[in-house]
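The first chain written gets the first letter, and so on, giving A, B, C and D; residue counts start at 1 in each chain.
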Amino acid sequence: MSKFKSLEEAIKELVHDGDTIAMEGFTHLIPFAAANEIIRQGLSDLTLVRMTPDLIYDRLIGAGCASKLVFSWGGNPGVGSLNRFRDAVQNGWPKPLEIEEHTHAGLSNRYLAGATGLPFAVIRGYQGTDLISVTNNVAEITCPFTGERLTAVAALNPDVTIIHAQQADREGNICLWGITGIQKEAALAAKKVIVTVEEVVDAFAPRSNSTVIPSFVVSAIAIAPHGASPSYALDYYIRDNDAYIAWNAISKERESFEAWLVSEGLRK
Amino acid sequence: MSKFKSLEEAIKELVHDGDTIAMEGFTHLIPFAAANEIIRQGLSDLTLVRMTPDLIYDRLIGAGCASKLVFSWGGNPGVGSLNRFRDAVQNGWPKPLEIEEHTHAGLSNRYLAGATGLPFAVIRGYQGTDLISVTNNVAEITCPFTGERLTAVAALNPDVTIIHAQQADREGNICLWGITGIQKEAALAAKKVIVTVEEVVDAFAPRSNSTVIPSFVVSAIAIAPHGASPSYALDYYIRDNDAYIAWNAISKERESFEAWLVSEGLRK
Amino acid sequence: MMTVSAARTLKNGDSCFVGIGIPSTAAILAKATHAPDLVLIYESGTIDTNPTRLPLSIGDGELAQTALTVVSIPEIFNYWLQPGRIKIGFLGAAQVDKFGNINTTFIGGTYKNPTVRLPGAGGATEIAGACQDTTIICRQSTRTFLEKIDFITSVGYGSGPNSRKSYGLIGNGPTTVITDLGILEPDPDSCELTLTKIHQNVDVDAVIAATGWKLKISKDLEVTTPPTDQELLFLRKLNPPKKS
Amino acid sequence: MMTVSAARTLKNGDSCFVGIGIPSTAAILAKATHAPDLVLIYESGTIDTNPTRLPLSIGDGELAQTALTVVSIPEIFNYWLQPGRIKIGFLGAAQVDKFGNINTTFIGGTYKNPTVRLPGAGGATEIAGACQDTTIICRQSTRTFLEKIDFITSVGYGSGPNSRKSYGLIGNGPTTVITDLGILEPDPDSCELTLTKIHQNVDVDAVIAATGWKLKISKDLEVTTPPTDQELLFLRKLNPPKKS
């Protein structure tokens, strides 16, 4: 009953066609290895949730794994646009992509509501924007004490959340540090949690701003060194910025993207 | 314009009769030195807010500083009752004490709402209890997505929050660790924040679970070594459990309590 | 015997929300004996603690220093307790009624003018609401086990089988009540607390006499197993040295 | 010049919510020159960072390693931005209207069938709502400065002076708009963006021609001070080495 599995096994056992999956990591610790495995296994009809779709979802969308995207900022950070995302939204290629679009505060609070076992969370936001009219899962709510009108966002509870962390210990507890983003909330909101890690250690060292996720809320752990590359893992490796820049050319045309899928062994 | 002041100055400048003040620290880092200074300065008509009134508010209540108490658990932890609190509630001595009573989740979420700039927070709780009928600042709220009925608690924004921390750095940033309780939320909910610290250091060492509060939200810092005693400051000193036990006898009778006030130099 | 019975309700691998006193002792005992992988969680924010001595308070430094991680108070309640992640919660009580509702607020008089003012809710209300199962630990007498309690601080089964759902409480409610006389469990249909186990050398009539409502007795009433030597030895070791 | 103008809007001791690109460069420049105690906060959760090079992304490791503290995403938005603790926020824009409302969602076509799909809101909507003051940085042309924008992603002054209050937005709104041609500020009564400063060697008619609405010109129009040698030197040093 060990939670340690190969990445292939973990994805095969826990992720299914049609699932809602969240893969989080805010510019840091993005679970690229797990995403590649999802493409390799040819999963389809996924609802993909992620604040910043980034290269990782550009790949999944271009590979045809997704039917819906829930997100709050869809660019190639520091570089420009996400070409496969744009091709899907603008031209429906390789298949139509339904989108549900939020602000960062809105989507992070959808996870927060999910993690706290509530059906919604309250924020001050969205009002006056055109987002309200195009986005589901946002509603007005009135303060029962002051009468003030605020915004409610519906809880998000993914079928599976996948994150990458620097370390697991031998009991299957998880430790990540540096920019820890929305990983804890995304994990705690999910029905199942897969974590890929750089390495397994005997004990976690004291570190500022580290986040520890206890084993008892984790479904499976896969050891995946460099599993966040081309993003970075603080104290392990830096961001491969050339890969981010190169992605612009790779993803620009459908043909160059498909050639890349084959060259990476993600498609035969 | 330094934020470093003597404790006497900090209390004199920032705390006034009639204020709502929160002094937090969950069994750990309880700001006893600051409370003694409030008694010494003879402040009155305070609304005291604290999850666990503990010995610290038993003293302030017995000394007649408070007209109202907002709390969620009023005992002498590990020992028994709070005698001055009971005398005020049961007999109105030394003056009547209005109480507003919550659960831990309720009161901590009142702080949370205050810290996040919202007029209320939502929890799953209170329903079915008799607390609802005796406590203000609790109301039913309906989820706009599911129709589920939940509980809203009103934001709490103290005039002043006072906490004790292990360290400040020379720029006035604050670091506390170990059990960090509700201190961050209580501080961020307040209009003004006073922090007493064990010592000033050049830089904070990396530590698991440390909480750092940036200088720009702190109003005043007073160096007060042993300022949390008889509670404890992790890595500085342990809880003086004898003092907790002794408090039961000191606080038992009005006379013994008043003699204690004089003997500690808190009253002439 | 209450401590040992409480410890035995904990299974290896469970997560357990622990308070100070008997619950802490029971949880540490369980972890030292049959449930080494028990995950202890305290409302002070310490998750997966491994205390080597009895904590003086719920926020003892020992708990922080031996914990896997320590989180803030809003996090422990909002992220960990409220969503129902925790398997077992322990609760004490000043008064209990036949539906396992608990009073820890006041005894006698009125709320505004109580005869005895008690500490209040603390974390108990949410533990009672959100833990998957709760275990109540309370000495049994006609002063504590009442037909009607003075104040409902924490909800058990409310006024019967449908109450918890109508209140939006996600946990199962009090599945075990451990007293100095025996163990009560809710009737599967009516949710009324029923005597299902009795401690050695205790008379059933004594239990009935110590109960403020007409106590129902399970037809499969069992006698609890007395503490083992291992359990007693460990409890003696754990008992903190008395100061003079 | 946009970078230098942006840097100059920052005062020593201010707190500033920074994005990547010109805002980051401007903030680092300000901190290195006239505002050493500027507190830089990024939406990735890094508070009081002191980067020694330009970050590659908003979540660059450099920002975490030089920060006073790093917090989670929900905390940075809910605890720090939403309550209005942050003095200045920087915003970019694909389209701006005369009330400083911003579009970063799509250009042309409809929301469901856009001609050009842009990244979307990110943190901008809340920065626009909750920072005490916001500074918009955007090149000025008739493609970007429009009478009517395709989508309101982030609210400036809405449809005029009372809009922000009715939306519950607690910040003051866009107090400065910095372009490659000059600086626009809201009229104190109408909230309409008005040209108040012009960069050296730029013609007022050129600014009017680059604006999609009938641009008002302040009667106290000033010329901005050109970058100083110190500012230029620092910017050259900061420019990251190009990779071949």
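Everything below uses one rule, namely that a residue touches a chain if its C-beta (ideal position, glycine included) is under 8 Å from a C-beta of that chain, and two chains touch if they have at least 3 such contacts.
Since the structure is predicted, the reported quantities are computational estimates derived from the model, not experimental observations.
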Any chance you could name the chains that touch chain B and chain C both? A
When A-D is set beside A-C, which has more C-beta pairs in contact? A-D
When the C-alpha atoms of chain A and chain C are each averaged to a single point, how far apart are the two points in Å? 40
Chain centres from averaged Cα atoms put chain C and chain D apart, in whole Å, by 56
Between the Cα centroids of chain A and chain D the separation in whole angstrom comes to 28
For chain D, jot down the residues that touch at least 2 other chains. 69, 78, 82, 130, 170
So which stretches of chain A touch two or more other chains? 117-118, 123-124, 148, 150, 184-185, 208, 212
Could you draw the chains as nodes, link the ones that touch, and say if you get a line, ring, star, complete or other? other
Touching chain combinations (by label order): A-B, A-C, A-D, B-C, B-D
Chain A partner contacts - residues on chain D that touch it in the complex: 20, 43-46, 56-61, 63-65, 69-74, 77-78, 81-82, 105, 111, 113-126, 129-130, 151-155, 158, 163-164, 167-170, 243
Show me the residue ranges of chain C that touch chain A in the complex, using the header's touch definition. 13, 15, 39, 47-48, 68-69, 78-79, 82-85, 130, 170
What residues of chain B sit close enough to touch chain A in their complex? 117-124, 137, 139-141, 143-146, 148, 150, 152, 154, 204, 206-208, 210, 212
So in the complex, the part of chain B that touches chain C is made up of which residues? 26-28, 51-52, 71-75, 77-78, 81-82, 85-86, 89-90, 101-105, 108-109, 111-112, 123-131, 134, 148-150, 178-182, 184-185, 208-209, 211, 232, 234, 238-239, 241-242, 244
Touching residues (chain side chain A, partner chain C) in the complex: 115-118, 173, 184-185, 188, 212, 214, 216-217
